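First chain written, first letter: the chains are A, B, C and D, and each begins at residue 1.
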Amino acid sequence: MNPDNPKMGFFETIANIDRRVIFLFIGFAVIIPVLLSFSCTEEATPIVQAVYDEIESLPEGSKVLISFDYGPSTVPEVQPMIDALLRHSCEKNLKMYMMALWGTGHNLISESMQDIIEKEFPHKIYGVDYVNLGYKAGNQGLINVILTDMKKMYTTDARGSEIDAVPMMVDIRNLKSFDLILSMGGGFPGIKEWVLFGGDPGNIPVAGGATAVSAPLLYPYYPRQLLGLLGGIKGAAEYESALIKGYPKFKTHSHPAIDMMGPQTVAHIVIVFFIVIGNITFFIGRKREEGEKREGGVIK
Amino acid sequence: MIRFKIRLALILISASVLLLFGYISSPGQELEAPPEPLPAPPTNVVISDDPNDDGHTTIVSWQLSRDDGAGLNNVMAYEIFRSTSPEGEFLQVGVMGKGLDSYIDRGEKEKTRNGEPNPRYIGAGIDYYYKMRAKSTTGTYSEFSELVVGQAKNNWYHTGKTNIMIAVLIFSGLVIYFITAAKRGKELYVRPIAGIDAVDESIGRATEMGRPILFVLGTGTAADLATIAGYTILARVAKMTADYQTKVLVPVNEPVMLAVAQETVKSAYMEAGRPDMYDEQNIFYVTAMQFPFVAAVCGLMIREQTATNFYMGIFHAESLILAETGAITGAIQISGTDQLAQLPFFIAATDYTLIGEELYAASGYLSKEALLLGPVKAQDYAKVILLTLLGLAVITWSFGWGFFKSLISTIS
Amino acid sequence: MRRQIPLYIVLVCGIVFVIQFFIPSHESEFIFEYGQDWVMVIGILALPLGIWSYLRKTWLTAVKKPKERFFAGVSLFGFAIMMLTGLKRESLMAGSLYMELFEYVLIPIQATIFSLLAFYIASAAYRAFRARSVIATMLLGTAFIVMLRLIPLGPISDVNQALVGWILSVPNMAAKRGLLIGIGLGAIATCIKIILGIERTYLGRD
Amino acid sequence: MRKDLVWLFAGILFFGLLYLLNWGVKAISTDLLVWIGAFLTLAILSFLYQDNAFYKFAEHLFVGVSAAYWMCMGFWNTLVPNLIAKLHPPIVKGVLPAIAEKPPEYWYIIPAALGIMFLMRLSPKAPWISRWALAFIVGTTTGLNLVRYLRSDFLGQIKSTLIPVIVVENGSLSVGGSFSNIVIVVGVLCGLIYFFFSKEHKGLFGVASRVGIYILMITFGASFGYTVMARISLLVGRMRFLLGDWMGLLQ
């Protein structure tokens, strides 16, 4: 309280709030949800739900091409999406063909296979239910070629087996053999190239996941050329929620994106709250100042 | 597991049936399998040099097979083969889908690989022999086309970059024109830039308070354009601090930048006639890594209680850490960067911000020298040209007249 | 004369590297690749200059200011340890003391300093986002709307989601383009000024 | 100095309490390295309250360690393969056998000479010669920058602004699409007008410039709001380390 002017005290205190109070709030906004593993239920937005519904509607044994078009720096955002999509595809008994347009994607495929498919779905067989086609250079040029002939580029899988010795590759001729293309990452090359050089000319549905930064640039393709899109950690959390809703057994599995959303939401509420408070006190302060001016009082 | 076994069995059975069938129907065994009509090969294959490369690429073009989209309509793709001699071993270098009539054969640049000749190598001035065939939808092949020969050349002009060359020449011409015009004494107006106008006042304030000034040149490299713009502002600031006898602290994160910053400040002090005031210890190297550098600069702000902080150059995530710590000490802060991602934070947390191009224009504005103002004027003229073209293109195109649109498209 | 030679070097190097852009031949490729490599090599060769500055300043601090002696000592100690452990090529492999120090000293501090941004972004928002003027209101309003997208608000969220998408893909895109074109022009003009030797503050003077 | 002692005491108290509270009760980490990481993390976070001895300690350690880290990295990752190995390949046989077989490239005498010229700054006799090296660096980088900017930032942006302001979809006028495109075109034009320097921003021109700065502010606001998420994630990561890896409070 300001002893000189008790009437203004409250608003002045709030208006001149110490930054440490804000820091404290932010700290608690993150610590408490992390400790309590608090999370909000994320309702899937239509753009995310569309991806979920598409996978849900694919009959057993459908072929899904998953392109890992990202690098280590965007793993925190993109990996939760991949994990959720792989779980969903495994659950639906879809055939997963994993490839990469980015050189960094190669290792990420192996890691995802180990962490999700081999660990959680041990009955899935490599070469029958899923395959790692590895990284091939060529960006959109690669898409161009495999649109007409897949095996021209992929003569072996990432493990070095002859491509025709991989059972699930026998009836693959080109991109049109797939029922859905998922491109994960959102950078270049990525979703845009898949849409323009693969999905559009081949009339194959394309969906994908992108980092929060690149997602807005892909919005213009939705919904005509792009079936659906997971944008950033929020998109991943929405997909995880949709998956848990459809298959409650996944509740016990890790869901890093949902976990991340709890502290995110609370921290955002805190910041928004402080902005509102700041503006209210600002306007009240200005009103009073104007009033004092009229009364000929001291201008603070 | 069972399902897999069944599938595997099915695959094996079908494979053996196919094999058997293949054996039976192989040539020599006169069996009455209906002869499938083969597609016609592509014709008029021409090998030309890619005019815009360093001699490792050729362009193969051909006339479509008469069964491509017409006739038997059974062409699925074309296969292209290359060899270094007419009777040598031919390597399949590419496949193109039906309807396409050219292929860019990008060879590899290494002559040898693991000590052996690299078959994918293409070199300038060497004869390469090509032949092609069409592949049908059922997997059969046409005859080979006639053997043709061609070379790749090491080229000395990139024909695709003529537009950029013209743009460079026009713009350089504008710059030089306005510099000479200004030298002849033509008055050049420059609009006020708030951040620069505040420089003098903020230095005066630091002097009154008896506290030092902090100047951060960012975490880019010494030769980045934004950093170079930063040196110009540093020179101005240093000259004033020499006049006012105020200390200016310049922590840097790159040795080359250290050398330049020291030179800049030293020259400014000499120009102000106070070389005795110059202390090399005030312009110092901290470390090259981003966050240790930031930690040290934040510590410096708090401990030295700097009254005015300048951030001019390339900044990354540290922009907000620096600006908020500066706000805690109550310093006046002036920032400028061309990094789009960091501009919002500087705008929110510092008192004045030079946004993008304003930072580059600052050197001209500060000196008011004709030489440095000329380019600013040239920039504006380039903008006028762009605005007019863009406006015309968008409007006329919307009404169906594509002239300006195609004009801009070819330029860029 | 001493002052002229560096300006000629800038002129020649600048023009050579502009011209090589228009020449696809392998001689030009050679210049392009080597030029970039050499700048990097010179940058590393210059490091002793920085290290000398750092050591001298820290040492002088320790000598002149007894209060700071402990901290200057900590800094020099850290430097010496890291130098000694990094002397061998094998130190760059995982598991060496050098990499362990990197992992358990540099990484935690680095990540924590980075995470300070979570606090600072909040305090900056509180301080700066006041509707003082139209410009400030634009800044505040958009930031506010974009932040709201993470807060569940029932039906408002859907509208907000769409609005955020539009803001990001339309006005956001337009302004970024305007900025980038401006920066492009300014950068090119600055390049020409440097190559022609009009902009020469960075060379200092004798 | 007394304040620093208070901080030191507070710190010892804090860690001591934690130690007592956790010993044998919770699964607090027993890994010394994790404790070091936790100590340094807390030391940096204490800066949020105010500058203090712990922060200062972490800061100075950080600076020293990173300066040396960078030096060693630069030596082994750049200097050895890109200079020493080029001039005299056999010398790196022990460390980089793959490169040791290649023929020497004597071109690299040039950067070596320039590098040494640069270090001449330290010599009292001929510091001016370092400017030659500086001129090489600036000239080369500027030449490369010029064409880089010309190609990417600038011409590319102009081309992508070429969009129709009247959008027709399925044979009928799309109001939303047309509006968005008009906003983009007007936004780009006004943004450019804001960056006009040689003309006073008055009249119609002033209005356009105002619109330009408004649109810039919308962009900056949006980026600011968008980045909050990424920054909070960083803090969540650090808190997970403190609460989980160190204190063992998370599953």
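To be clear about the criterion, a residue touches a chain if its C-beta (ideal position, glycine included) is under 8 Å from a C-beta of that chain, and two chains touch if they have at least 3 such contacts.
For clarity, every value in this text was computed on a predicted model and none was experimentally measured.
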Please work out which of A-C and B-D is bridged by more C-beta pairs in contact, and write that pair. B-D
From chain D, which chain is the farthest off, judged by mean CA positions? A
Distance in whole angstrom between the CA centres of chain A and chain B is 27
Chain B and chain D, separation of their C-alpha mean positions in angstrom: 18
Could you tell me the distance, in whole angstrom, between the mean C-alpha positions of chain B and chain C? 17
Out of chain D, which residues touch more than one other chain, so two or more? 44, 47-48, 56, 58, 62-63, 65-67, 69-70, 118, 121, 134, 137-138, 140-142, 145-147, 150, 155, 158, 161, 185, 188-189, 192, 195, 216-217, 219-221, 223-224, 226-229, 232, 235
Scan chain A for residues touching two or more other chains and write them down. 19, 23, 26, 30, 234, 264, 267-268, 271
Any chance you could list the residues of chain B touching two or more other chains? 164, 168, 221-223, 225, 228, 256, 259-260, 286-289, 291-292, 295, 340, 343-345, 347-348, 355-357, 361, 376, 379, 383, 386
Are the chains arranged, by touching, as a line, ring, star, complete graph, or other? complete
Show which residues of chain A lie in contact with chain B when the two form their complex. 19, 123, 125, 128, 145, 147-149, 152, 167, 170
Contact footprint of chain A on chain B as seen in their complex: 1, 4, 7-8, 11, 76-77, 95-98, 328
Note: in the complex, chain C contacts chain A through residues 118-119, 121-123, 125-127, 129-132, 140, 143-144, 147-152, 158, 161, 165, 168-169, 172-173
Complex interface listing, chain B residues touching chain C: 52-55, 124, 154-158, 161, 164-165, 168, 171-172, 175-176, 179, 221-223, 225, 228-229, 231-232, 235, 254-256, 258-260, 263-264, 266-267, 270-271, 281, 284-289, 291-292, 294-295, 317, 320-321, 323-324, 327, 338, 340, 343-345, 347-349, 355-357, 359-361, 363, 371-372, 375-376, 378-379, 382-383, 386
Touch list for chain B against partner chain D, complex: 164, 167-168, 188-191, 193, 221-225, 228, 256, 259-260, 286-289, 291-293, 295-296, 298-299, 302-303, 340-341, 343-345, 347-348, 355-358, 361, 365, 376-377, 379-380, 383, 386-387, 390-391, 393-395, 397-398, 405, 408-409, 411-412
